[in-house]
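The structures considered in this document are given below.
Okay, so chain A shows up in both of these, paired with chain B first and chain C after.
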Partner chain A sequence: MTWQKVCAADDIANNTLQRFEVDGVAIVVANYGDGFQAIAPYCPHMEEPLHESGILETSGVLTCSKHLWQWDIRTGEMVGMAEKSLLCYEIKVEAGDVLINLEKELVYEYDEEDELDDDDFFN
Partner chain B sequence: MPARNHTQWKEVPGQLKPGQWVDSRIYSDPDIFEEELEKIFKKVWVPVCHESELPEPYSFRTSSIAREPIIVVRGTDNQVRAFLNVCPHRGMMIERQPAGSFLEGRPSGNPKHMTCMFHGWQFDMKGNCAFITRGEDGYQERLKKEHVGLRRLRCEVKFGGFIWVTLNDQVEQTVEEWAAGCFDCIKDAIDTEPLEVFHYHKAIIGTNYKLWHDTNSEFYHDYMHYHNRVTGFNDEYFARKNVPFDNGHVNVNSFEVKYDEYDGFESRSELSFPKFPPNQWYMVDLFPGMNFNLRGSAFRSDVVTPLAPDKVMIEFRGLGLKSDTPEERMIRIEHHNTIWGPFGRNLHEDLIAVTGQGSTMKTGSEPRRILHGRVEDEYIHDENGVRHFYDHWGKWMNRLPSDPMKEYMVAAE
Partner chain C sequence: MKIKVQTKGGSYDFDCGPEESLLYAGLRNGLSLPYECATGTCGTCRARVVEGKTHLEWADAPGMSYVKQEKKEILMCQTRARGDCTLRVPGKMTGEIKRDRWPSYFVGQVNNYRLVTHDVSLFDVKLDKPTSFDAGQFVLLESDEVVGTRAYSMVNYDRETNKLVFVIKRKHDGKFSDWIFDNNVEGKSIKIFGPLGCATFHPKENKNILCIAGGSGIAGMMAIVSHGCQSSYFKTHNGFIFFGVRSKKDIFFLEELSNYVMKYPENLEVTIALSEETNATGLQECYQNLRFATGFVHAVVSEHMTDKYLDMLAYVAGPPPMVDSALRMLVLEAKFPGTDIRYDKFT
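Take a look at the complex of A and B:
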């Protein structure tokens, strides 16, 4: 366990997302009113930065405003059109500080660009 | 000699022969203009920009060839690729900015993708379709991402790092073959080290694109350039030749420019290009209208985009070495701008000339002869470079430049 302080709990307003860097690792922390969630910073669909394009409703549903994938922020599970779950860090609040368990950076696997056969392409 | 009445004015002057003039309709006729886009500009290699304008992966630059919008991008593998900048869905122009990067997201797009803002279709840096919004809901199995990649275009990085694109998948020659040796005179200077663009401006000029290229292809108009005229006309100057190459290209041979004889100028011998003697000056005039001009310390390129018979966009670039120190770069910029900047010594004079020609050759103006009849053993004031260009123009167009309503082959017999 490598618990690391991210910020003070007061730093993040209710129903907002904020981006932080901890030990050089980018994460996004959501304050959903009843608690906090720490996620990998990009949408698992098309690498959209979720602290910019994520909309967090009071219901706890996070929506990426680009292609409207949605998740339950409490669990990271898919809602609606989403096709991949969110990757979440273990998180806790102690003495007014938000801490996450940063054992390793969580990253999504995105589709690789196809290889092109350059020699034959135009023939 | 007396002035001439209308009939006399229309007669061939002196003993000039066809080929030593062109008919002004080649500069003003809308049908000929449309045909040039189809028969020439959609077939040849065009240098759309320089690779230093795409500094890192995801950098892009947009342009157009013969009204077709083009985008060039640097891929994650550092390769430069060119695509038609048109969405395969509803024909929207995908990228509307002249230059930028796809690395960061956009209001209607994600990082690392080209996004058509109209319906959100997305493409990667290799032109693959990466995402169709609600694709399966609307197209089921009938249309998938692999059916709607971008149209990729042939693209080469060549001759000092210029990015050459052609709309012609069936182009028969590589860029090297197309140039036919006309870059040999400056090849070492521009290909030993990477170059970098330090100056860019574009201008939309009220003239035909060929009139700009004509001016770049003859030095007789040094009579217009006051400074060239009073300080440059010497034996070395007149010893230069215009050298024709295959495919309609022309070189102008070098001579040593004596900048310290120019009023207000100092010698430029301290700064040059690799393997290039100081103060030398070569010009490469490339069919159908690109010019590469190396004056010892600074390298200039002109790329024309014809917009109408009487309208051309010219993109001017100034280049130095990527390895320039800040001091060297400042010297190159000053040397470039004092000759070729918008307020430089020569450029505005050339523009006065071609806009003056443009004013007399508007669509519908009476056809008249434009003389290219100076013959001086190909020495510098010979107009053989211009004649060489029109000989090739005639073949591409199958029109006789001196009588463009006649076929080139028939008339040549």
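Take a look at the complex of A and C:
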């Protein structure tokens, strides 16, 4: 476990998303009212920066406004038209700070270095 | 040239001419390749070249920012084949395009060109062969006299028609719109590829409709309302049309919209939202069956539509900031699921 502080819990208003860098790794943290979620910073569809394109509802549904892919921010699971889940970091709040387990940077498969024979392009 | 497209759902083959884009070749062969703008901006038609030589036509296309060229990725709309090719296309393919909606190439002639405001023109294009399209679809227009293609939605809705109607707003530095506005284009020849786009209206969906348009984004909404009236849809369904413009001098189509409302006054409602005008004096007296409001169109929708979002599909079209505001409002306030919002990203 490599727990690292991202920000103070008070830094992020309810139902908003903010982008942070921790050890050079970009992440987006969502405050969904009764909890926090930390996700890879881009939409898994077309790599839109979710801190700009994301709309977070009080119900906990996150919508990327570019193509209306949606997820349950609490779990990262797909809702509606989305075809890929969100990649989420382990997260906890301790003593007013938001911490994530940053053992490994989470990246969607479109970012992985791969051989053309790999099937990842279609996942 | 033979093109093979590999997708998660299987492989498809089609022929491509030397002077056409890979995207258009696939679409006109009925393959539902992913795309939105089809003109190099949105990045949705990204694919990877597995085998074969290709040529990128517009290296500076904004959509190239989505493409990893080192991985041999391309935008299919901006790429031509230089021989037989194999491509990989990501994402879900939604199946084949309905046979009578396969896009194809047309040649047309500009007719009835006229200005409807200081910076908006309306014209017909008479096609060399008939076509059918869905209300809300668009085509690509191209002239030999200007470089590049532009996407425009049809204003009319007709089946097996030789006539397409367009409304075009003059854009700052818009090469095609400059050509339209600065030349006597009446009778000029124009190339067309289409129909395209999936922000379409289908009566069988059986839902109330909300249309939010800014400026010339009203074009596709006019086709939707026309189809709705032709199919008596508004006898049994509500239609709420919101048309946002800056000021009185930017308004057009009032006569046409008023005539539509006259047919279905109980269920069809049209609101003109003026963002830079404090009152609509004069207009309301002339068009008593239309509503006039002041403010940005998404705000006017928000104020007026509370509690009316029942069993509804929303269509959005207009300048990008307007579209973004409207989407945000629909998701956050009106609680629309993404599946009930339709818009095509041209820009």
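The definition used in the following text is that the second predicted complex is superposed on the first by the 110 of 123 C-alpha atoms of A that agree within 3 Å, B and C clash if a C-alpha of one lies under 4 Å from a C-alpha of the other, contacts with A are read in each partner's own complex, and residues count from 1 in each chain.
Keep in mind that, in the parts below, a residue touches a chain if its C-beta (ideal position, glycine included) is under 8 Å from a C-beta of that chain, and two chains touch if they have at least 3 such contacts.
Note that the structure is predicted; figures quoted are calculated from it, not measured.
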| item | value |
| --- | --- |
| Touching partner for A:83 - first (chain B), second (chain C), both, neither | second |
| Chain B versus chain C as contact partner of A:11, first or second or both or neither | neither |
| Per-residue contact with chain A, leading partner among chain C and chain B | C |
| Chain B versus chain C as contact partner of A:21, first or second or both or neither | neither |
| First, second, both or neither for A:49, with chain B first and chain C second | first |
| Touched partner set for A:57, first chain B, second chain C, both or neither | second |
| Partner chain(s) touched by A:69 [first = chain B, second = chain C, both, neither] | second |
| Chain B versus chain C as contact partner of A:94, first or second or both or neither | neither |
| Footprint overlap on chain A, comparing chain B with chain C | 45-47, 66-67, 116, 121-122 |
| Residue numbers on chain A that touch chain B, as the complex places them | 42-43, 45-49, 52-53, 66-67, 111, 113-114, 116, 121-122 |
| Chain C partner contacts - residues on chain A that touch it in the complex | 45-47, 55, 57, 59, 63, 65-70, 79-81, 83, 110, 116, 121-123 |
| Sites on chain C touched by chain A in the complex | 7-8, 43-44, 48, 50, 66, 72, 88, 90-92, 324, 327-328, 331-332, 335, 337-339, 341, 345 |
| Of chain B, residues touching chain A in the complex | 75-76, 105, 109-113, 120, 122, 124-126, 128, 130-131, 133, 152, 154, 169-170 |
